[in-house]
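After this come two complexes, each holding chain A, first together with chain B and then together with chain C.
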Partner chain A sequence: MLINTVLMTLLAVVTIAIVRQRSLFGVVILASVYSFLMASVLVVLDAVDVAMTEASVGAGISTVLLLATLHLIKTTEIRSVRPHLMPLVISVGTGAILVWGTLVLPPFGTPDAVIHQHVAARYVADTIKDTGVPNVVTSVLADYRSYDTLGETTVIFTAGIGVMLLLHRARRRGRSNDGET
Partner chain B sequence: METLATALGHYNYVITIFLMMIGLYIVVVRGNMVKKLVGLSIFQTSVYLLYIAPGKIIGGTAPIIDPAFKVYSNPLPHVLILTAIVVGVATLALGLALVVRINEAYGTIEEDEIFERDRET
Partner chain C sequence: MSLDLILRVGTKLILPFILLFALYVQFHGDYGPGGGFQAGVIAASAIILLSITFGLEAAHRIAPQSLVERMIPLGVLIYAGTGVAGLLMGKNYLDYSVLAHDAVHGHELGIFLVEAGVLITVASTMTALFYAFAERGR
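So, the complex of A and B:
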């Protein structure tokens, strides 16, 4: 519980640093730090599979993608001239409403909360009998709810096609420009 | 002791919402598109916390069945968020590809400069 509180505070500090940082390299590295802190919080919250994915995808692949993009573009942010009072008011207002909404949530970590009374108990009780997989997250992901996973792979496939089309066009145009000069 | 536990549990939610709002603020205020995408990722990761935190049971362990343990945290939010993480990186990749294309077309990724160039033409 205490370690969780410390990690959450660190997360908040890193996020404020991300807002204030003007160098995009700094932003990317801080985003990577943020993902690792998030993975640590997830381990504390017993979500070990999610933590592993967050560490490899959030801190690994995302950072590589962002750095690859920075290789192709300018890496400092200009000081924006747009007004930021109104967005601040909206953010703080929405945040206040959301915090007010959390007041009625069940207390943290109680086993008799509504979320634990639904199908989750059945998954934990029957996973060995139904699937033979001791890791419940794996058995739900790949067995009980494998259609969700199929949908997820469709999304990744679509995004992959989109990225390929966008970057392929860019490269072809670059080549024709080379031909002209 | 109980009030302390309640306060710490509530602190989790407050920080989660704080991260969410910082992400929203970055997306709205910052004109730099890479920064916007990082803000979007922060918003997404804060949603992970919002889902995972209620699934935790104090005294429970990770949901991997073993005779040595009796109480397990709720596995269902973990599955949902695994999907969300992967979809999140897919959106990030697509967004970054768009940023690279915009940078080629306009020579900049600052929204203000792009609007200016659009007005000139």
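So, the complex of A and C:
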């Protein structure tokens, strides 16, 4: 309970700091801190596989890529002239609806929740018999739900190729312009 | 310059452990937390750390850009190919039970191959993305 309170308070503090921070370098570092806090929350929730992904991707790789992007652009956010009321209303409203939605969810960790009644029970019971792999997360990701993971890998492939095409094309265009002048 | 020295020596000390940890996360994923995705990101972070400290040329010597860019589709092909192997042996796509004599061993082998595919694609995509950004910064 105490650790939950501490983590949630820190998350809120970091979020407010990100919103108020004008230096983009500070924003990137704070976003990295946010990801580490999120990874800790996921460890508290016993989702260690997801926590590992959050720590390595959210706090690690995306921070590096954002810093690399900052190297290419200006590093100060332009202060907006007038306050944006509409986005604030929309985000607070969406947040309130989401919180309202959680009120009807079964309590965390309830074994007879709907989500645990469908195929999940079979996966947990049969993973050793079917696949010989004790980590249910791995057997679900790579075996029972193999199609989904194939899709995810293809998404990473597509996204990577897309970003590289964009960056490489811009570089080539810049080079040819240099040649003409 | 003295700070630079600490960074260089520290990087050299920590690099083998990062790579070893990536392999541990990859191959211990069947028993503990982890798997191809996390291991791929950790392996890519080793290359990124190397290029931040020693420059892009040093990283290109170990992981050349052309090789990294070829590894991106290779991982997806390994994954999809594992599925096709199931088809060729008369079962459904991505059914691993025919990959070995024993159904359970087939599943273990299938998960190993699929995770290897994920590792290759994720590690090379992350590295290639960093290369692409770093090249534009020059």
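The criterion applied here is as follows: the second predicted complex is superposed on the first by the 176 of 181 C-alpha atoms of A that agree within 3 Å, B and C clash if a C-alpha of one lies under 4 Å from a C-alpha of the other, contacts with A are read in each partner's own complex, and residues count from 1 in each chain.
Rule of thumb we're sticking to: a contact is a pair of C-beta atoms (placed from the backbone, for glycine too) under 8 Å apart; a residue touches a chain by one contact, two chains touch by 3 or more.
These numbers were taken from a predicted model, which means no experiment stands behind them.
Asker: Between chain B and chain C, which makes contact with more of the residues in chain A?
Answerer: Of the two chains, more chain A residues are contacted by B.
Asker: Touch test for A:Val124: chain B only (first), chain C only (second), both, or neither?
Answerer: In the superposed model, A:Val124 contacts chain B only, not chain C.
Asker: Should A:Ala31 be classified as contacting the first partner (chain B), the second (chain C), both, or neither?
Answerer: Only chain B is touched by A:Ala31; chain C is not.
Asker: Of the partners chain B and chain C, which touch A:Thr53 in the superposed model: first, second, both, neither?
Answerer: both
Asker: Does chain B (first) or chain C (second) touch A:Val64, or do both, or does neither?
Answerer: Only chain C is touched by A:Val64; chain B is not.
Asker: Counting only touches as set out at the top, which of chain B and chain C does A:Val6 meet: first, second, both, neither?
Answerer: Neither partner.
Asker: Mind working out whether A:Leu141 is in touch with chain B, chain C, both or neither, as first, second, both or neither?
Answerer: both
Asker: If you stack the two complexes on chain A, which partner ends up touching A:Thr154: first (chain B), second (chain C), both, or neither?
Answerer: Second partner only.
Asker: Quick one: classify A:Val89 as touching chain B (first), chain C (second), both or neither.
Answerer: Neither partner.
Asker: Tell me which partner A:Gly162 touches in the superposition: chain B (first), chain C (second), both or neither.
Answerer: First partner only.
Asker: Residue by residue on chain A, keep only those touching chain B in one complex and chain C in the other, then list them.
Answerer: 48-49, 53, 57, 61, 65, 68-69, 72, 134-135, 137, 141, 149, 156, 159-160, 163, 167, 170
Asker: Across the complex, what residues on chain A touch chain C?
Answerer: 48-49, 51-53, 56-57, 60-61, 64-65, 68-69, 71-72, 129-135, 137-139, 141-143, 146-147, 149-150, 153-154, 156-157, 159-161, 163-164, 167-168, 170-171
Asker: Using the touch definition from the top, list the residues of chain B that touch chain A in their complex.
Answerer: 5-6, 8-26, 28-32, 34-35, 37-39, 41-42, 45, 48-49, 52-66, 71-79, 81-83, 85-94, 96-101, 103-104, 108-110, 112-113
Asker: Would you tell me which residues of chain C are touching chain A in their complex?
Answerer: Against chain A, chain C makes touches at 25, 29-38, 41-42, 44-45, 48, 52, 69, 72-73, 75-76, 79-80, 83, 94, 96, 104-105, 107-108, 110-111, 114-115, 117-118, 121-122, 124-126, 128-130, 132-137.
Asker: Within their complex, state which residues of chain A touch chain B.
Answerer: 1-2, 4-5, 8-9, 11-12, 15-16, 18-19, 24, 27-28, 31, 34-35, 38, 41-42, 45-50, 53-54, 57-58, 61-62, 65-66, 68-70, 72-74, 77-78, 80-82, 84, 87-88, 90-92, 94-95, 98-99, 102, 105-111, 113, 115-116, 118-120, 123-124, 127-128, 134-137, 140-141, 145, 148-149, 152, 155-156, 158-160, 162-163, 166-167, 169-170, 173-174
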